[in-house]
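Shown next, in structure tokens, is the structure this report addresses.
The first chain written gets the first letter, and so on, giving A, B, C, D, E and F; residue counts start at 1 in each chain.
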Amino acid sequence: MLTDLPLEELRAYRPHVPEPEDFDDFWSTTLAEARAAGGRATSVPADTPVTAVRVEDVTFPGFGGEPVRAWFLAPPSDQPLPCVVELIGYGGGRGLPHERLGYAASGFAHLVMDTRGQASTWGSGGGTPDPHGSGPAHPGMMTRGICSPHTYYYRRLITDAVRAVDHALGRDDVDRSRVAVAGTSQGGGLALAAGALHEDVAAVVADVPFLCHFERAVRVTDAAPYSEITSYLSVHRGAAEQVFRTLSYVDGVTMARRVTAPTMVSVALMDATCPPSTVFAAANALPTPPTLEVYPFNDHEGGAQEQWLRAVAWLGRVLA
Amino acid sequence: MLTDLPLEELRAYRPHVPEPEDFDDFWSTTLAEARAAGGRATSVPADTPVTAVRVEDVTFPGFGGEPVRAWFLAPPSDQPLPCVVELIGYGGGRGLPHERLGYAASGFAHLVMDTRGQASTWGSGGGTPDPHGSGPAHPGMMTRGICSPHTYYYRRLITDAVRAVDHALGRDDVDRSRVAVAGTSQGGGLALAAGALHEDVAAVVADVPFLCHFERAVRVTDAAPYSEITSYLSVHRGAAEQVFRTLSYVDGVTMARRVTAPTMVSVALMDATCPPSTVFAAANALPTPPTLEVYPFNDHEGGAQEQWLRAVAWLGRVLA
Amino acid sequence: MLTDLPLEELRAYRPHVPEPEDFDDFWSTTLAEARAAGGRATSVPADTPVTAVRVEDVTFPGFGGEPVRAWFLAPPSDQPLPCVVELIGYGGGRGLPHERLGYAASGFAHLVMDTRGQASTWGSGGGTPDPHGSGPAHPGMMTRGICSPHTYYYRRLITDAVRAVDHALGRDDVDRSRVAVAGTSQGGGLALAAGALHEDVAAVVADVPFLCHFERAVRVTDAAPYSEITSYLSVHRGAAEQVFRTLSYVDGVTMARRVTAPTMVSVALMDATCPPSTVFAAANALPTPPTLEVYPFNDHEGGAQEQWLRAVAWLGRVLA
Amino acid sequence: MLTDLPLEELRAYRPHVPEPEDFDDFWSTTLAEARAAGGRATSVPADTPVTAVRVEDVTFPGFGGEPVRAWFLAPPSDQPLPCVVELIGYGGGRGLPHERLGYAASGFAHLVMDTRGQASTWGSGGGTPDPHGSGPAHPGMMTRGICSPHTYYYRRLITDAVRAVDHALGRDDVDRSRVAVAGTSQGGGLALAAGALHEDVAAVVADVPFLCHFERAVRVTDAAPYSEITSYLSVHRGAAEQVFRTLSYVDGVTMARRVTAPTMVSVALMDATCPPSTVFAAANALPTPPTLEVYPFNDHEGGAQEQWLRAVAWLGRVLA
Amino acid sequence: MLTDLPLEELRAYRPHVPEPEDFDDFWSTTLAEARAAGGRATSVPADTPVTAVRVEDVTFPGFGGEPVRAWFLAPPSDQPLPCVVELIGYGGGRGLPHERLGYAASGFAHLVMDTRGQASTWGSGGGTPDPHGSGPAHPGMMTRGICSPHTYYYRRLITDAVRAVDHALGRDDVDRSRVAVAGTSQGGGLALAAGALHEDVAAVVADVPFLCHFERAVRVTDAAPYSEITSYLSVHRGAAEQVFRTLSYVDGVTMARRVTAPTMVSVALMDATCPPSTVFAAANALPTPPTLEVYPFNDHEGGAQEQWLRAVAWLGRVLA
Amino acid sequence: MLTDLPLEELRAYRPHVPEPEDFDDFWSTTLAEARAAGGRATSVPADTPVTAVRVEDVTFPGFGGEPVRAWFLAPPSDQPLPCVVELIGYGGGRGLPHERLGYAASGFAHLVMDTRGQASTWGSGGGTPDPHGSGPAHPGMMTRGICSPHTYYYRRLITDAVRAVDHALGRDDVDRSRVAVAGTSQGGGLALAAGALHEDVAAVVADVPFLCHFERAVRVTDAAPYSEITSYLSVHRGAAEQVFRTLSYVDGVTMARRVTAPTMVSVALMDATCPPSTVFAAANALPTPPTLEVYPFNDHEGGAQEQWLRAVAWLGRVLA
């Protein structure tokens, strides 16, 4: 059943989502530090039976120069290819390379970024540690380091995503004018963030994006992972102001305001995990209206493989 | 947690699963009728962005000559390829061709058979009707036509699977000495059945197979889809004898006794859907001990993509 | 708790429910074909210990002339009796004759129609097959044949209900000027349909009727059986338009507009299965305001036996 | 799925269930006091549309002479009839008279006893108060007055059941040599008790009886109502000895040892509410082996209406 | 997630909650009778290892003079102390004295009243019987005796609470000008009632109070214990008018109108058990606006120990 | 209901739990490093309304010398007191000082250790960070750093517990010959560990201890937090050997073998979180049989406050 406002109200939903004054400074400093931290990307042939496309096992420097794993897949080509940098949903990691052959089999280079410290709840795992401790936290990633934007987990993960774009841009086999970011759920939130924070992103695909409009999200759903924040606040009763201040540095609505590349957003009207109003809050904040795909009868799985078809077709046009 | 017997008992578990006297006649007649029913396979290029492998949208004649949809994927090759005929889990269908690129990207031809009348519970759908009515039935496929082996749904679906093998064998681009069947859950049960009923199957991969040892299954799990049978029997209190007689014609244990090709079976010890004892009952009934992969901490997802890697490697060796 | 709008809004709820232009043609053709299909009703004494009322085991021709089972119960009488044709809720069948003695023990003839293809989820079963296949469908009856109104399951079941009225009207022991239709949930939806499509129905009782205002129902409840439609649409993402077009041929709101007989409708304000707004949409569409019984604190059980008392008293007056 | 031991072990299950030394004294004193307490039965025509059988609204004196409501139904007859005294399941009451027409429509007189203080959880209610307070108790009836057999709720309810038999025996329209007791779940436990404590009971039908072998029941199921006892003991950690001593005065196993009339017991092997071992413990304690009906695939609904058919047929033979 | 109206609407929420004309007479008569019933308080040293504060095991006369248990705790003091009379949440009792040392350790005398007939669902129990029977009732206390305000359970429990205040006022070691009442959930509802009905109460603390605005509560939550009333009404379909009339004598909104002492109310915006609108209905009915503590991210646990700190600080000021 | 073996089998349950050869070296090195890491304990008066006992807000050096918060409570005394070092259950922290007054009010000094990185799931929070990152991990603490005993979270937390004992021993207001450790669930597991690893512990109280016999625990329960390990292993399918090797360094069974102080263990037979066999495995491994308290009808709450009473009495005797 519908989990949020009617579609007509969603289309007009433009809530006030305040942003911190130093938002841009915060991120430009964070990214500058990450880029200055050094670290070198390495790439070796992946251990996989796949032969139809080339698969590399990549390690690139992310937040603080810390190593982040990724798969790079590409079809045989004698010229640089358009590239999709893919970010993964909450709890998952880069998995195994044969799981995500679609982009490369369709003519794109494809960089699948692992998710630091996650990759242990579903799927086929991953191998990127998050070498940072935290204060008292609820199980999960949502409240790790949440007392300050500087220590917050998503500062690191978003930086990784931006640095993944850097890696793609620096590859000889990638056409740097045609690098897109894409992802579902957490991956969609990261795609908006990377699109906002990296000026060379040429297209953004955010499917049922997470990490948007936290102040509303925690009030209209009790599903994980937004509920991690609610649970944390139910114990740390005086922490709400600081928590929401921290979250304001990673909120997808504020990110969306800064995205200049063409963007596709998909949303599911029966989504109990990422309530559609939070997705529309981000979609409606984009400076240029996105290509919007609405799935009226889907929960958080959204458009799934059918949406992937629409995204591939759209990317083909946008990155042509 | 463990859902069944300890592993050491499972390894020795060989229950008495009676088979009807006319089992082999039943199936030889059924298959002969299907093959005699005519119908021609057709194949057109699939509507997909995938270019790295060839994708065909196939329709082949199944039970009663009725049209069954499939995808055929293959890498570029100038000689016939080994081929994996894949059967799908309960509720799913052939989906979209870009979802299952692994085999073709690894050098195999790959025929993905749609599931008649299903394909509407998860995944990306399918397009094969089941043009047969039934008597009173519980929602789902498990009790459709269950009053007789002749009208039972799985008679039709198993025949489709055998006929899918026929289709693969008849293709010029397939090496007919190297056709394997594979599947997960319902697909695993169908793989055992096709391996039993088709003498030209060269290898069988049955992951966490469903449709095995029904008499025990309905007593040790209350999870769907086995529970459809229990629910039916809870209403039709006098029907148990006939129901189990019908099921004896499709039981994976009885099928396993007839499989002569090399077989890989995977099983998950925390599987609440297909209890491991029912899987071992089939595995231990194989004339030749199978290659057995045990996943001690998985529920019905079993080995998933990691098991796929093991299966591909094993198929590479067996079909070499 | 309340599952829908406040009562005052429900009383005024008259949504726009569009109907297909050929709605009346569709049904007149369907019914004419069924009546032309032949088939003869048979009746034998039922196997039951009941002696206080007469019980017959009836088979009458339904959709396509196909045999439909029923019980006919009547108290001893030397003249034709008023008759209640009862339709059964989703998943149930005609059960056993001693289960439904109330009408006959209170002076009515009573025809209890079996439900084709159902009768296996609760209760004491039934014996009417549905000899029609379908395309890909979600477990349950809601999406069988849903790609076209011609193949849709409810076309057949509604026709059965109309033909059950025909059967009652044709009996010597029934007063053909006093034949009512009644039912609960699915049975209530069928009662509205039979009342709309059969001009000789003298009274309609629809308790917590199902099959009303589908477009809203699937959006405001996630309970089965409406959820079968939602699940189907979540997989078949492009099918919504056709699905709702098919449903528009069986929607209880459109049926209600055509009911001319006196009607009693009961509704439960905490009904999570058939949300009260969908029931009011039908009740408020009746050309003549119905006798309305509101149960403020009941879920889908509604008024149950207490409602039966009110219905019997009302039928006694209306059919006097 | 199976909720207890395999059937072959159940058939042989004869646990040690100790009984208090003064068990018989306790009950003979209790019943003598109840019979001495006076109170007169009254009977008025019931307010019901039913005409095919006679329905009386009865009040008879139960425990302590306190008024207990009942329905008396009987078909027209010019001689005394065999009579079934029916006791009701937990949470229910006598309901409405038209709900239980089967016995009377099949030639039996039928006394439906209300359940003091219950009748408010399901069904159509009832009207018998339980004018006794209690010490600290868990919600529900299972622990009211449980600190002593003298104050325990079931002392009163069992006495009511015995006094209901007294009432039936005293009626002119009942053949006092042919009075049976019957019931399902709690009603089955009460039937065993009445059969044990009243020497004039001619037959006992106990369907999926509750109130049997408490010491095991609370350890093998966590379903209500046995769980009320567990919950009470989880708070009152030192009370177990006294609680089980009180329960030993009402345990159906101990009752069963004293039943001399022919008895039918039904049991469901997937019963999670009244685990089958507790039912077999009682059935196997009967001095004469009962007619046993086993439903292998049913939960606590057991044989339901199909079992009713078997019971009616059996009663017809036993009371012939 | 939020379980009710937005905060701004809650702050203005002042529903029409009708009160019976004889409300004040009812209670003045009830209390006068209780006080006239006699009974003497007794107090013995408690059996506890606690030595830092004095603990007495108290029995005082409550409704009808019936004995009610309590703990009295106080720090060493040579002069009368301010005293908090604490009432307990639904299902609990006075527990063990060492569980509630906070008030006494912080300088207050503390009387912890047991809950008659409850104390068996959670916690460490209690020892106060409720020696009153009832008519048909749903499991739990909410519908015991609900057919009349005179027989209703909460008439007795509220009277106990008022008499607990009497007991505190009569103690030499308590400063009778500084007696507060406090409680959480059911205890909060009782605190409002005692504050309304006892003129010598000097302060009231009602945390997430239960027993407020029943007419709305049963419609907006399906959580126990409000749901006991709904369940009762779902069976006793004609009883609603009388039930709500009975409840109107104990409704916390009507009580609140009569509270003249300073009051602190706490409320949780994600409270699914006591919906915040029902709490605000009471808070906004107080003649003097209360000190209001809002916990935006808590379910029914509300402010818990953090709220206790605020309450202690507030009581320190109010009772200074 | 029972969640594990029958009591008689539990009493004899002594499974083979292998321990690593370097177990003692691992811990002596770890503790030596922690003690060598420096850091100074600080203590300031706590911000609390409590006056009857002294409350200090303590910070002491734990693993790696990192600051760990604690409360120290003590009754007024002019001589050193026996002291209970309390460890907290999973997800909780030291909370607020007024929550745990029992020990100090009963004559003991009491040190309540905060739980690093937890304290955000229930209760009133805490303030101790865990400044260590980890590899891919499941939400929660159970798999943080699980790839090596050196990086495993519980290496740090157990060290904190040992260092808390060090802190207690070093206080002037504590009698260093009478320092006990106590805790429930995770706290019970930590108590066993501290009792094993610190020779000056004078008594151990382990209530329903967690962290015992992991190899069995993950197979017989699917409840959190043991299930975190299962979930991790279901994704990281090849990691089981290493995971169980890491866990063998913190297993409470191996710890128990090394506990020389008198020990009290409590266990609940209906405990679904810490299955009783895992508790008995530890209890039966103690060199000296413990004082064992069995709660037959409790889930993981175990004996709760009643067990506390038994523990206090026992500690009073043991530390006399």
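Miscellaneous remarks
Everything below uses one rule, namely that a residue touches a chain if its C-beta (ideal position, glycine included) is under 8 Å from a C-beta of that chain, and two chains touch if they have at least 3 such contacts.
Quick caveat: nothing in here was measured; it's all calculated off a predicted structure.
Within the contact network of the assembly, the step distance from chain B to chain E comes to 2. Among the pairs B-D and A-B, the greater number of C-beta contacts is found at A-B.
On residue numbers, the D-F interface is repeated by A-E, which shares over half of its contact pairs, out of the options B-C, A-B or A-E. Comparing the residue numbers each copy contributes, chain C and chain E share less than half of them at their mutual interface.
Separating the centre of chain E from that of chain F, both taken as means of CA atoms, is a distance of 37 Å. Measuring from the averaged C-alpha position of chain B to that of chain F gives a distance of 50 Å.
Here the spacing of chain C and chain F, counted between their Cα centres, is 63 Å.
Those residues of chain D in touch with two or more other chains are numbered 123-124, 306.
By the contact rule set out at the top, the touching chain pairs are A-B, A-C, A-E, A-F, B-C, B-D, B-F, C-D, C-E, D-E, D-F, E-F.
Within the complex formed with chain A, the residues of chain C that make contact are 218-222, 230, 233-234, 237-238, 240.
Touching chain B in their complex are the following residues of chain D: 1-2, 270, 295-299, 301, 303, 306.
By the touch criterion stated above, chain E contacts chain D in their complex at residues 91, 93, 117-141, 143, 228, 231-232, 235-236.
Within the complex formed with chain C, the residues of chain D that make contact are 48-53, 75, 95-96, 98-99, 101-102, 104-107, 123-124, 304-306, 308-309, 312-313, 316.
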